[in-house]
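The next block holds one structure in the form of structure tokens; read it before the comments.
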Amino acid sequence: MSKLWGGRFDGATDANMDRFNASIGFDARLWRVDILASQAYAKATCQAGVITEAERDQIIDGLEQVAAEWQAGDFQLKPGDEDIHTAVERRLTELIGPVAGKLHTGRSRNDQVATDLRLYLLDAIDTLSKHLTDLQRTLVAVSEANIELIMPGYTHMQPAQPVLFAHWLMSFFWMLQRDRQRLMELRARTAILPLGSGALAGTPLNIDREALARALGFAGISQNSMDGVSDRDFVAEFLFWAAMLSIHLSRLSEDMILYANPSLGFIHLSDAYTTGSSLMPQKKNPDAFELLRGKSGRIIGNLTGLLVSLKGLPSTYNKDLQEDKEPLFDTIDTLTLALPVLTGALSTLRPRPQKMRQALDDAMLATDLADWLVARGIPFRRSHHIVGQVVQLAEQRGVSLAALTLDDLQRIHPSFDADALTVWNFERSVAQRRAAGGTAPAAVRAQIAQARALL
Amino acid sequence: MSKLWGGRFDGATDANMDRFNASIGFDARLWRVDILASQAYAKATCQAGVITEAERDQIIDGLEQVAAEWQAGDFQLKPGDEDIHTAVERRLTELIGPVAGKLHTGRSRNDQVATDLRLYLLDAIDTLSKHLTDLQRTLVAVSEANIELIMPGYTHMQPAQPVLFAHWLMSFFWMLQRDRQRLMELRARTAILPLGSGALAGTPLNIDREALARALGFAGISQNSMDGVSDRDFVAEFLFWAAMLSIHLSRLSEDMILYANPSLGFIHLSDAYTTGSSLMPQKKNPDAFELLRGKSGRIIGNLTGLLVSLKGLPSTYNKDLQEDKEPLFDTIDTLTLALPVLTGALSTLRPRPQKMRQALDDAMLATDLADWLVARGIPFRRSHHIVGQVVQLAEQRGVSLAALTLDDLQRIHPSFDADALTVWNFERSVAQRRAAGGTAPAAVRAQIAQARALL
Amino acid sequence: MSKLWGGRFDGATDANMDRFNASIGFDARLWRVDILASQAYAKATCQAGVITEAERDQIIDGLEQVAAEWQAGDFQLKPGDEDIHTAVERRLTELIGPVAGKLHTGRSRNDQVATDLRLYLLDAIDTLSKHLTDLQRTLVAVSEANIELIMPGYTHMQPAQPVLFAHWLMSFFWMLQRDRQRLMELRARTAILPLGSGALAGTPLNIDREALARALGFAGISQNSMDGVSDRDFVAEFLFWAAMLSIHLSRLSEDMILYANPSLGFIHLSDAYTTGSSLMPQKKNPDAFELLRGKSGRIIGNLTGLLVSLKGLPSTYNKDLQEDKEPLFDTIDTLTLALPVLTGALSTLRPRPQKMRQALDDAMLATDLADWLVARGIPFRRSHHIVGQVVQLAEQRGVSLAALTLDDLQRIHPSFDADALTVWNFERSVAQRRAAGGTAPAAVRAQIAQARALL
Amino acid sequence: MSKLWGGRFDGATDANMDRFNASIGFDARLWRVDILASQAYAKATCQAGVITEAERDQIIDGLEQVAAEWQAGDFQLKPGDEDIHTAVERRLTELIGPVAGKLHTGRSRNDQVATDLRLYLLDAIDTLSKHLTDLQRTLVAVSEANIELIMPGYTHMQPAQPVLFAHWLMSFFWMLQRDRQRLMELRARTAILPLGSGALAGTPLNIDREALARALGFAGISQNSMDGVSDRDFVAEFLFWAAMLSIHLSRLSEDMILYANPSLGFIHLSDAYTTGSSLMPQKKNPDAFELLRGKSGRIIGNLTGLLVSLKGLPSTYNKDLQEDKEPLFDTIDTLTLALPVLTGALSTLRPRPQKMRQALDDAMLATDLADWLVARGIPFRRSHHIVGQVVQLAEQRGVSLAALTLDDLQRIHPSFDADALTVWNFERSVAQRRAAGGTAPAAVRAQIAQARALL
């Protein structure tokens, strides 16, 4: 088999080396963007006077045919097709003869693959962005449908204060909103065309790179060819984006897994997103959420791996950069599946108000009691201490806070009066936190309105 | 020693546990922002009618005194000062008495520390941004001062094509330009105020959070209190930013280290940024660049570490989040020193034109010869193959390409004529790549002009 | 200030560069091992005839004095003391004059620091090994003290089968046992002496490296000087060991945090290992376990960081290797505190049998019912399906499995008879799993006996 | 399609969820070990009296047939075959009917998959161990074949001291030797049988787990069923092993890439392990080594990813553990190809003695000159300083050290005499470092002899 670059080589490459070196096993999926970019490049070289209009048309039509073969699943790989660029050029040559050899003028696989990868990622970003929107919409819808439901809010996984179920759910909306913002920003950095950088030194052809960028849907061009061929910031940045998103999904999943445990039991998961056990007939496991949590590892691993591969590389293209694709593709594939699964799991879960109420404990209103004292002029630090003693008394007696009598309270501090007993009310507690971002129904409704406006 | 939160506790904490739990060893550096935020909070609670104007002034003045003690290095830590917030409040109480206990009303250390950390990072971003600009300016200045110098351009660390030294240097300018852009974007996300989120559920006080944000220089407020207290995206995003930057620095450093090796010898490093050996008297080592390269590990480790700590955490604040500070501070410190060192090392290095010229080899003009054939109508793929045979012939003879005669060339392909021999000219090769982003002096001058405009 | 290596240098180093380059800030803690190794080296060079016995004694005594200064906290660092080796040699010179300059003969800081670091780590390993033993002993003791206590066993955090509390606790014993085994193995690889490797090429002195190794407590010597000065496998391996251990601790901590949540409530944590909230008076947070879980991030970050720093380094010593110390020291410090805290937290926690019993549900005996059918000759896969229908019926009725009548069961499958109802017994279920490694009290007692034998 | 565990489920799983959940796409390669383990398990359950001998034979023969289908590539996957265990059991049922349903008695996929994975890894370890031996043998052979060849030894990539080419190559032998040692140690920990742990609580069957272990080639059994089903230490440990090895390969590759650069030019790589450029006809790139260096990123990413997935998981099996397989398989596949490629590349490279000699510089003998002074009684530190001045003088004059006259030397220090000029001899320098581990030919021959003994 002959290689694109074989002219000066005597010996054949070793068979293991061929396998080690080849990327066609994973870069074949770039066929569509590779052909798209080549067609645009043919037009640009024609405009630059490098090829004739007839040659341009031959090349473009030939590439169309190659695309059709890929689309139909008919494309036949041959030995020597080490990567998608080689495979497409080889096939094009078979179809249209030596004129195919004009396509690569002034172009290197170095700027070609960087262009392809950016085009591919731009598509993926648009798909993921849509999935993200669906997920956010679902969070808003489920929040809205359960707007008055109160559940225990935890810090350190210990009961802290009552919060709205909707408030809890909406907290994830805002994480995803930051993810969306980051995604749009990195999209802009991805939409920079490297084509025309050649192997490293730029192109000797009189190509209008700005026009070529516009033709391919890029927003601008790379300003330095040596940077252009080796810039993989956009891949790293996407992988970090995905890692950050996966952290958010892992935290949501952790909550869901805990809340699905029957001792808490705040949610009921649909059969559609749970699985059973091969041994234990009663099991119904929250696999969707466990996988979402677990896959954060894979994605963070992908990010770490790329950073390691990039670290300490000499300038411009080094073959190490071939290691950029698999972590990128794996991350795209993982999230393209994970987001709809999560959307599905959220839209089919049912909150269980009774279990939530059962887990609410008067002790979660201790802060409200302290606030009550503050309103009577006692400095907060002192109030906190007084209520600490109230809590201790209740614990010693093994009763709930609300079971303490006014007498009990007054023995701890004389400021307490009958009104203090009104704090034992979860609705009241929640309703008081109505400053922006708080858990009061009014504040959560405002949050939701703002979220809707952003979507 | 008594603890802020000790009211309900009977037993003392274990001494090891106290050390394990305490963050004062590393969060003391937050004293300035902690006090700043507390002063603003005192004003906000006064406006909300929670404290009187007299109390507000007492608190603000007392905090001013605490700040003065820190500033002067006089602040005395005491047992029980588990973190900076506790230490400041304890000292404030000593200074102004029980009214100090009103400062914490409606506030939790959860929203307090998140606010402090953001304020601290905003400052650090501004410092780093300045250092980054200095570094970029230096790259531009050194490029401009050596604008016509030609050196070997490598891909795969093998001679590829001649490039301008300035073009090579400017490739790093653009990496840093992306870093700058990312930094500004993450700055915007850092400038979001969490204060007013309470422990998790929001504040029951009628605080104007938007006004508080403005008073502290934030651009907006967090929209959900549960997210507000546990959002550490801004830390992770900064660490990724630093990791990406450190990758760029590691690549620049790798080049510098290789170019300082005498067999290449393209650069001469100043004594000010090199060190010697305890054993070998002749040594002059590029330590600055080796450390820059090595420290990418530390920073990527900091990023990974934080992501791991965040992964799978349940909603809202968990103590695991205390692990956010050390990687952040270490990364800030590392870069705050690394960037000026690099700027210094770059501004004092001297290119060595003779060594560069010595490393230029006619074979690096092989592509130009192929382009020459293309201009005669031979498809590039065929030209590439023909020139491959030319290269092989020269190798077999053990001579440089330019040593081949026209006759030799014509025996390989009849299209060659005397004009073909004009390609053996490095200046000509470089000058031809004048499309945007190319290595031609004109294109590099355009690059520099654009860079100056951006600075 | 003069530098050890300054002979050939004209210019001073830049002040920032000095700070960037210096390691004394973190390697000072090596003073003891540095001096120990130098004393042994002085003896070895004396035996090799390089220095006289009088010189040897002068050096050894001088070093003793330097050690005494460090020990007493009297050692004064001076400008130019860039690392511990330099500082010690500088001080030695002040104390004993030019003969101090003979100590470094044939030695480089490259082999010196590698030796110091190994000595330091060997000490740390011994300390950590002891802490690990204490922790394992505690697990065994708490298991033994609660040997008959039954709790829910979870998979996917869903109720699976009843298990002994002691069985659950002992599962961590075995994780730690693997950690111990790994620690002993890496200790052997750490106990290899690099001293005598010089800067990279070996020593020209006739030193008996094997004897030197024995004198310093090493088990053997490095076999190749180029490897000897740059081998940091032992650091990476230790960091991985620590990462693996920290994963185990994070899993134990996760369980503890969940079990301390009052809805599960299986354990009661001592005040000595919990903390309160600055805002919420009722809070008692499992901080010890959250920190243990969170610190897995830091340690994994340390591992990742070192691997990144090592990746792609050219042969022998490069300054990047200076980045080995901080992650190592931080990891040692973290674990040296974490292990005793965990031991303390475990030895003071109290199981809460009533809450465990409350969380046991007949559905966790579904597998036992299937096993009952298997004993009647029904293939397990079929039995599993039949019991699945039993579970479904109970769920539809909203009753527990044990509330179903024999009639109900027989309507699902005729094989059921009165004996089937005996499966609704948690003690019976547990007792049946008495094969090695199972949760039956007998099997757990055997486990504990084996554990004791290993300790 | 029906699922193994479907008894209690009403609703179907969502189609996306099925894809998200399924592992058959990557765990199909476990078919052989899955069947092997099932056959052994059938025997064990027969011995335990759970199934008859006839049933056992039916199952074993049926499994043999399933294996034959896999082997022949005839196995047909069906919807519902979510993993290899399910697929095999489903097919077995088709072949032998309901008796197949007896195979899973007392077994869970939790202990089954852990067993399969260990069996698979044990095989892979044996293969990799063989490849490692081949690589080590090659290093020894190439070293031996070039035993007297001298090259520049670098530290900080700056000329340090002359070393033998063989000494440099052998330095990698010892790194691999540590890798081999670690591999054998982790093999022992992998060879522990979890089968018989059930889902988490152990098996109620009277199975002889020790005998089952022996039958499957394991060295022992897991001692705690809860640990047994969730222990993935062996995977993490293997991934770390691979990461450490990949660091070694990345360092070797870095050297090779640099030495293949024509300015150094110490080695000539075979066409069989290099590739060309699609644009530049003269290029011959060391792709094999760049890929080896780059793939360290992938492997470190795999390690990091698994550690993240494991971090903070609750006890026993969680679905997150499904994320263990892909990083493991990818790492095995990568190394199974990488090691032979490296062996091939090393066995076909040719050292270039002339280029090595050309890069040797008298300054690399400066230490020898200092040692010469030491032999005259001048303390090393002083000698170092004197030679530093010698170096400086030569630099100022722009000449090599050997070009300085005795007069020049004596003006710097009176101790110099004519004998001092004998140090300008690279062979002499190398020969002097004959202590164990040094670069003298005699010491390197001893190294090689020891290496051969270890192989």
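Order as written gives the chain letters A, B, C and D; numbering starts at 1 within each chain.
One rule holds in what follows: a residue touches a chain if its C-beta (ideal position, glycine included) is under 8 Å from a C-beta of that chain, and two chains touch if they have at least 3 such contacts.
Values in this document were obtained by computation on a predicted structure and should not be read as measured data.
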item: Third chains touching both subunit D and subunit A; value: B, C
item: Selected pair, greater C-beta contact count between B-C and A-C; value: B-C
item: Repeat of the B-D interface, chosen from A-D, C-D or A-C (over half of contact pairs identical by residue number); value: A-C
item: Averaged-CA centre spacing for the pair subunit B and subunit A, given as whole angstrom; value: 23
item: Whole-Å separation of chain centres (CA-atom averages), subunit B against subunit C; value: 32
item: Two or more partner chains touched - positions in subunit A; value: 4-10, 104, 110, 154-157, 160-161, 198-199, 258, 276-285, 287, 290, 293, 296-297, 300, 304, 307-308, 310-313, 318-319, 367, 384-385, 387-388, 391
item: Complex contacts: residues of subunit A adjacent to subunit D; value: 3-14, 16-17, 19-21, 85-86, 104, 107-110, 198-199, 270-285, 287-288, 290-291, 293-311, 318-323, 326-327, 337-338, 340-341, 344-345
item: Residue numbers on subunit C that touch subunit D, as the complex places them; value: 4-10, 50, 89, 93, 98-106, 110, 153-157, 160-163, 167-168, 170-175, 178, 181-182, 185, 189, 196-207, 209-210, 221-229, 231, 233, 236-237, 240, 243-244, 247, 250-251, 253-255, 258, 293, 296-297, 300, 304, 307-308, 310-319, 367-368, 371, 374, 379-382, 384-389, 391-392, 395, 430, 432-440, 443, 447, 450
item: In the complex, subunit A residues that touch subunit C; value: 154-161, 257-258, 260-264, 276-287, 290, 304, 307-308, 311-313, 359, 361, 363-364, 366-367, 369-370, 384-385, 387-388, 390-391, 401
